[in-house]
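You will see two complexes here that share subunit A, one where it goes with subunit B and one where it goes with subunit C.
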Partner chain A sequence: MKRNLLKGSVGPKDNDSRFLLDVHRRDLPGEDTMVRYDDADEVDLCIVGAGAGGSVLAQRVARAGWRVVILEVGPFWHPDEDWVSDEAGSHDLYWTQKRIIGGTDPIEMGKNNSGRGVGGSMVHYAGYCPRFHPSDFHTQTLDGVGADWPIAYEDLRAHYETVERELPVAGQDWPWGYPHSYPFSPHPISEAASVMWRGALKLGITMRVGPVGIVNGTFGNRPHCIYRGYCLQGCKVNAKASPYVTHLPDALAHHVEIRAGCMAARVEIDQPSGQATGVTYLREGDAVERLQRAKVVAVAGYSIETPRLLLNSASGRFPRGLGNNEDQVGRYVMVQGASQTAGRFPDELRMYKAPPPEVSSEDFYETDPSRGFARGFSIQTVSPLPIGWAEHVLADGHWGRALREYMRDYNHWACIGVLNELLPQPDNRVTLAEEKDPYGLPVARFDFSLGDNDKANIAYSTKVITDILHAAGAQDVLTIHRYAHLVGGARMGTAPDNSVIDADQRLWGVPNVYVCDGSVCPTQGSANPALTIMALASRLGAHLARNGRP
Partner chain B sequence: MGRDLSKPDHLPNLRPGREPPHSSWLPLQRRGITPQMIGRYPDYDVLDSADTWDDATAKVVNARLHVPTELRFFSVGEVATLRAFCNVCVAQDGEPRVPVVEMIDERLAAGRLDGYQYADMPDDRDTWHVVLAGLDEVAEARYGKATFAACELETQEAIVAQLADAQLSGGSWDSLNVKRAWSVCMRMILAAFYAHPWAWNEIGFGGPAYPRGYMRLGPISTLEPFERPGATDEDPVREAPELKG
Partner chain C sequence: MPVFFSDHQYEVVRAVCARLIPTDSDPGATEAGVADYIDTLLGAFSFDPPRIWAGGPFSGRKGGVGSFSSFTPLTALDELAWRTRIEGSQGRPEREFNGPVVGLQERYRDGLAQLGEDFTALTGEEQDDRLRAASDFTELVYGHACEGMYGAPEYGGNRDLVGWRYIDFEGDVQPAGYTDAEVSEP
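== the complex of A and B ==
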């Protein structure tokens, strides 16, 4: 395989972000000289949200000459000053504006779910970048559960390969799903991860290093990882991939404006034609509504905020919310089960060193009828910092003196987790709550309840990782049940009565509004979603750019 | 005599009643400060490496050493119970204490919340007021004391155990989901306590690592030159062989 020989030396084409960055400063280059469009100037594309999906889309169409404005409610980060090597000090990276959670298994949000600011949630995501499996696109046909996508793995494959070079992704050759290799070699791993690997080996479970979007070698002006372990607090080094370093520098160089501190309130619709005319937004600290005029609008605000914005965009022509004539907006929101178990070992492992994402297994990804449930889960090592570790100890039922005792033992522990594929349900849904945010907009309410298949999957997978710990020689085990990775809420499908957007991610019934973030996914497999969200955005970008400017 | 730290016999899950041993098996801190001056790394002070931290991080961490003592969010009448409650939750039974109360007050006053609210719960800020009122009600109704703060430590621990097990009901407790109220409070208490460098000393955490980074990932060693291995309660002078007999 030729690509293996070239590992680490092949950069992406048509994206100069890595060269535009400064070796010594972390600021997004080009902020000072960024083009500013007038509200009344009808731009080609107005994107809501400078996250994983929105940023890639902007970079792609800007390269094709489109004039683009991104509205981003969060701040324009200056990482040297704004980001810290500290858990509690990273509070402002997360979306901590209020959301209401309900259902029988409410999903806790905050630092565990999404970000707010230029770069979106990937600023503080862990860094795992696996692809979905080909089967993820046809779970209904193959397993009789979930939903089929209107597109297949082959439609995304070239975009996976491109985005993997842009991040760049480092890892061993991947034996699962559609087997592939990575542009960068695997990182060295910590003793905490090695312990898990040895346990898995004893049980005959295959582990692989990676795949992580973390520089391991020479990559333009992006430094090598320094194994400091604060990936979930924002990488102050620029080693970890996020749109902030992988796509937005190139986007700015191609005349994209990122308008930070601007909350999109609704997509404006010309009532007679049903076409969008732009996005109404509010600047921080200013009650005046502004309208950015645009020929095309793309909503990329994350699986909670995207449905919220569509529902808040109700108008005479779309009285139940934009794209919601068939009552599909906000439905089928999914999370992955993300239980973690920690094991105690005789030696000091000091799991806070090295990035939290290190090694993983997809041996259990596909359906195995003998397990008693459909679909599966993946296994990944993680490594909580002290506050995260305290939450883990609390979840096992300890407080007071017992909790302090476990906390003092921190350096002897190593942690492993799962990602369960939980199935899409119509009532797992984002709606509008009665409560309003400081802009006067109704906040989102997210109801979530587990199904029987979900519960069986979670129980089975927890046993597998606990067995790995025991095989590794763990002297004590602590477990926490939790969830991660929201997707869905504006899913793609074959018809308006089963989806919100078509295979080209365009809202049913609205000719010039697209959705371009995690909310488009009809299923989510057991893979972390960011790479797939970027690949989908890359595909949409190619589609829009194909016919030139609108 | 000290314990063998490679063994797990001090861990609550492996002991009767899930109770840890008395803290007297732990060494007293010899360098820097830990909460109650106990810990497992008596010769390690994370603040010794503060000069290697980037400015933004150093500013945020150092501010925790100088938290304003004036409370803005909680009322005067709530403070005694709040303090007693926070002490019990993280077993701070003596000085020096991580100023958990002040750190939480600062967060709540600034409205820095976690970003979600259960549909069957009030706003986190209201939850705190309800929990404190509820603790006083239990102290009075079941134990005949004016407030939670006025109870003996054992009584306070018994009440908190009931809160942790969602066993409290009646009065204020009926206005919220008790299990969730416990998690709202504990999340905030733990986020404050384990944000403090004294707590990092206690657990031997290496702390902020930019721009320096970590190099020793194992297997040969997991200790950087500035880190120290765990220790038990041996006194290095008393235990030195040449001084024995």
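== the complex of A and C ==
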């Protein structure tokens, strides 16, 4: 079968989002017509957070007839008006409320790691959609580091395949991890990516185009990508996948209400039975506490906000925070090392003419004892727009005439980055700070320190990408160190003393509360997390739907 | 006419930006109006709607109806956050949810005072010394200067697109975009 003949015609069953989208408007169809529940209505499921995990879960159980309310602190977007193709004007897509940071390597929080609003962080994510490798689920057994998941790759495989059809993911056949193909053929690549690829080839490093959650062809009412490179500012074309276009249209057509501008404050527990009864929340600009009653609760606020909400939900049965009797909530939060190296080439490359994600390699993903550290990293091309590029140059300490020359040369530069698997550590954790947010809720504090294995991994990987640039013929090289992505904080495991949730993502000790977002991951691999978060949510949705409405 | 700075402060900001992005054979920060960008940011609330978010969807530079220049009204929470960021908390309880905040306006006033009344009269090297001594402030201005030079012109900088022209960047090309062939041909 010639895959690319199928361009535009492959699609998932049981998810009509792509057809529900309006060809002429980018608003979320259903915002005006969705069902609305009363606080006193006991819905089947109340989800906190309309991001990658929460949206997929809602869509799955809604298809099984469940009545669902999603509480989302951020707004509904109206992309035609709200998202500007302009680097400076996109700050309101990010989580801008205060978080306290600490540890020996404090992680800057903001645009680099968390979003806010209907659709969550994927609204402005870059679009890389790789799977985890089978080894990621057993790093403790295989390499003596990290943690074993209570589930295996096989438990997620079918969900990876379904979600890849739903986004849909475009890319070349994938030789790494569990080898697989993608539903859509690879996108054309810019000269900047080709140069990197040639450099990698000279060093014997394999690269592949993709995998990206960006339409190549047409997909229902979603058009082809126009390669304008503003993916991080929110795709105004609807070519890039995010729950806003991939799952929420279908969810809203099936008994789901999204209540935007609503901050969840606490999960309420009935003390005698230990069962959750619903979620207390506050509407924007209104100090009245409201309780949405629900038979089942799912927390999907991502790695900082999910632990914060659980810790803020202390009660008689759980004096240290919901599900925190063993002091596991908020621990093992991970970020990925994400150093970037840029190289200057004699020819014009124009890296902005393409989506930022283009080609990648997982040759270094698995442990190789000769490298002197456990686990590994992936390599991906990236393409900053001019302000991002100026920040890269400034971060390396240049200004005045030097900065000017770097900027004048913008079109001669190409950029390549890594994602390092940094290992989970108990003290890299979220706790509650003294300070309060505008709703009067204690804000999160996030402490992070790198371990020796992490430092060795970052140093080694930076050398590999620098070597690629030199092999590609770069005349000048500029490296910056940074971090990206978040996972962990409410991890799954085999027992309450090593985790927050069980293999079905249910909170230990509370029969009707689940966690469904990036915080559930015990390890992070060197893959960008969104696809895995969605696949996990799809698995949880299937599990809940199998048992019928609660 | 600056909306926030005094005429003298405005001249100092211009001089600072010119050290970051000097004019040479190409226009620099001065010609791009980077100081106007910063002045507009600090004085955003003297406009209605405040000049914080340009409207969408298109600039009109590559097709479509231009709508960047009609600014988007802020929600109540956005306004609170942006006023706190720009004007500072000024002891008002509703702005102190994260503790007291020194606003950008005050940071600019203090930073400019630290650079000295005579800043514009100094040589470039003397100016660089003062900038290095005031490194926190310098870092703040330089972040803003890059936005003013390379951001969309609707925010007050990048006048006549000089910031994009000299680096040969086409800017926002929505809705036209690029074809497959254009992507691969630099």
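We adopt the following convention: the second predicted complex is superposed on the first by the 540 of 550 C-alpha atoms of A that agree within 3 Å, B and C clash if a C-alpha of one lies under 4 Å from a C-alpha of the other, contacts with A are read in each partner's own complex, and residues count from 1 in each chain.
In this text, a contact is a pair of C-beta atoms (placed from the backbone, for glycine too) under 8 Å apart; a residue touches a chain by one contact, two chains touch by 3 or more.
Nothing here was measured: the structure is a model prediction, and the numbers come from that model.
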First (subunit B), second (subunit C), both or neither touched by A:Pro188: both
Which superposed partner A:Arg401 touches (first subunit B, second subunit C, both, neither): both
Touching partner for A:Ser273 - first (subunit B), second (subunit C), both, neither: neither
Touched partner set for A:Lys436, first subunit B, second subunit C, both or neither: second
Subunit B versus subunit C as contact partner of A:Ser449, first or second or both or neither: neither
Comparison of subunit B and subunit C by subunit A residues contacted: B
Touching partner for A:Pro346 - first (subunit B), second (subunit C), both, neither: first
Contacts of A:Glu284 with subunit B and subunit C, given as first, second, both or neither: second
Partner chain in contact with A:Pro75 - subunit B first, subunit C second, else both or neither: second
Touching both subunit C and subunit B, counted on subunit A across the two superposed complexes: 80-89, 96-98, 188-192, 194, 226-228, 230, 236-237, 347-350, 352-354, 385-387, 390-391, 394, 399-401, 403-404, 407-411
Residue numbers on subunit B that touch subunit A, as the complex places them: 5-8, 10-14, 18-21, 23, 26, 39-40, 53-54, 56-57, 60-61, 88-91, 112-120, 157, 160, 164, 183, 186-187, 190-195, 199-200, 202-219, 222-223, 227, 229-230
Subunit A partner contacts - residues on subunit C that touch it in the complex: 19-22, 24, 26, 28, 53-59, 67-68, 72, 75-78, 80-81, 94, 97-99, 128, 142-143, 146-147, 149-152, 154-155, 163-164, 166-170, 172-186
In the complex with subunit C, residue positions of subunit A that touch it: 26, 75, 79-89, 92, 96-98, 187-192, 194, 225-228, 230, 236-237, 284-285, 347-350, 352-354, 385-387, 390-391, 394, 399-401, 403-404, 407-411, 435-438, 443
Residues of subunit A touching subunit B in the complex: 80-89, 91, 94-102, 106, 108-111, 113, 188-192, 194, 226-230, 236-237, 344, 346-350, 352-354, 385-387, 389-391, 394, 396-412, 445, 447, 475-478
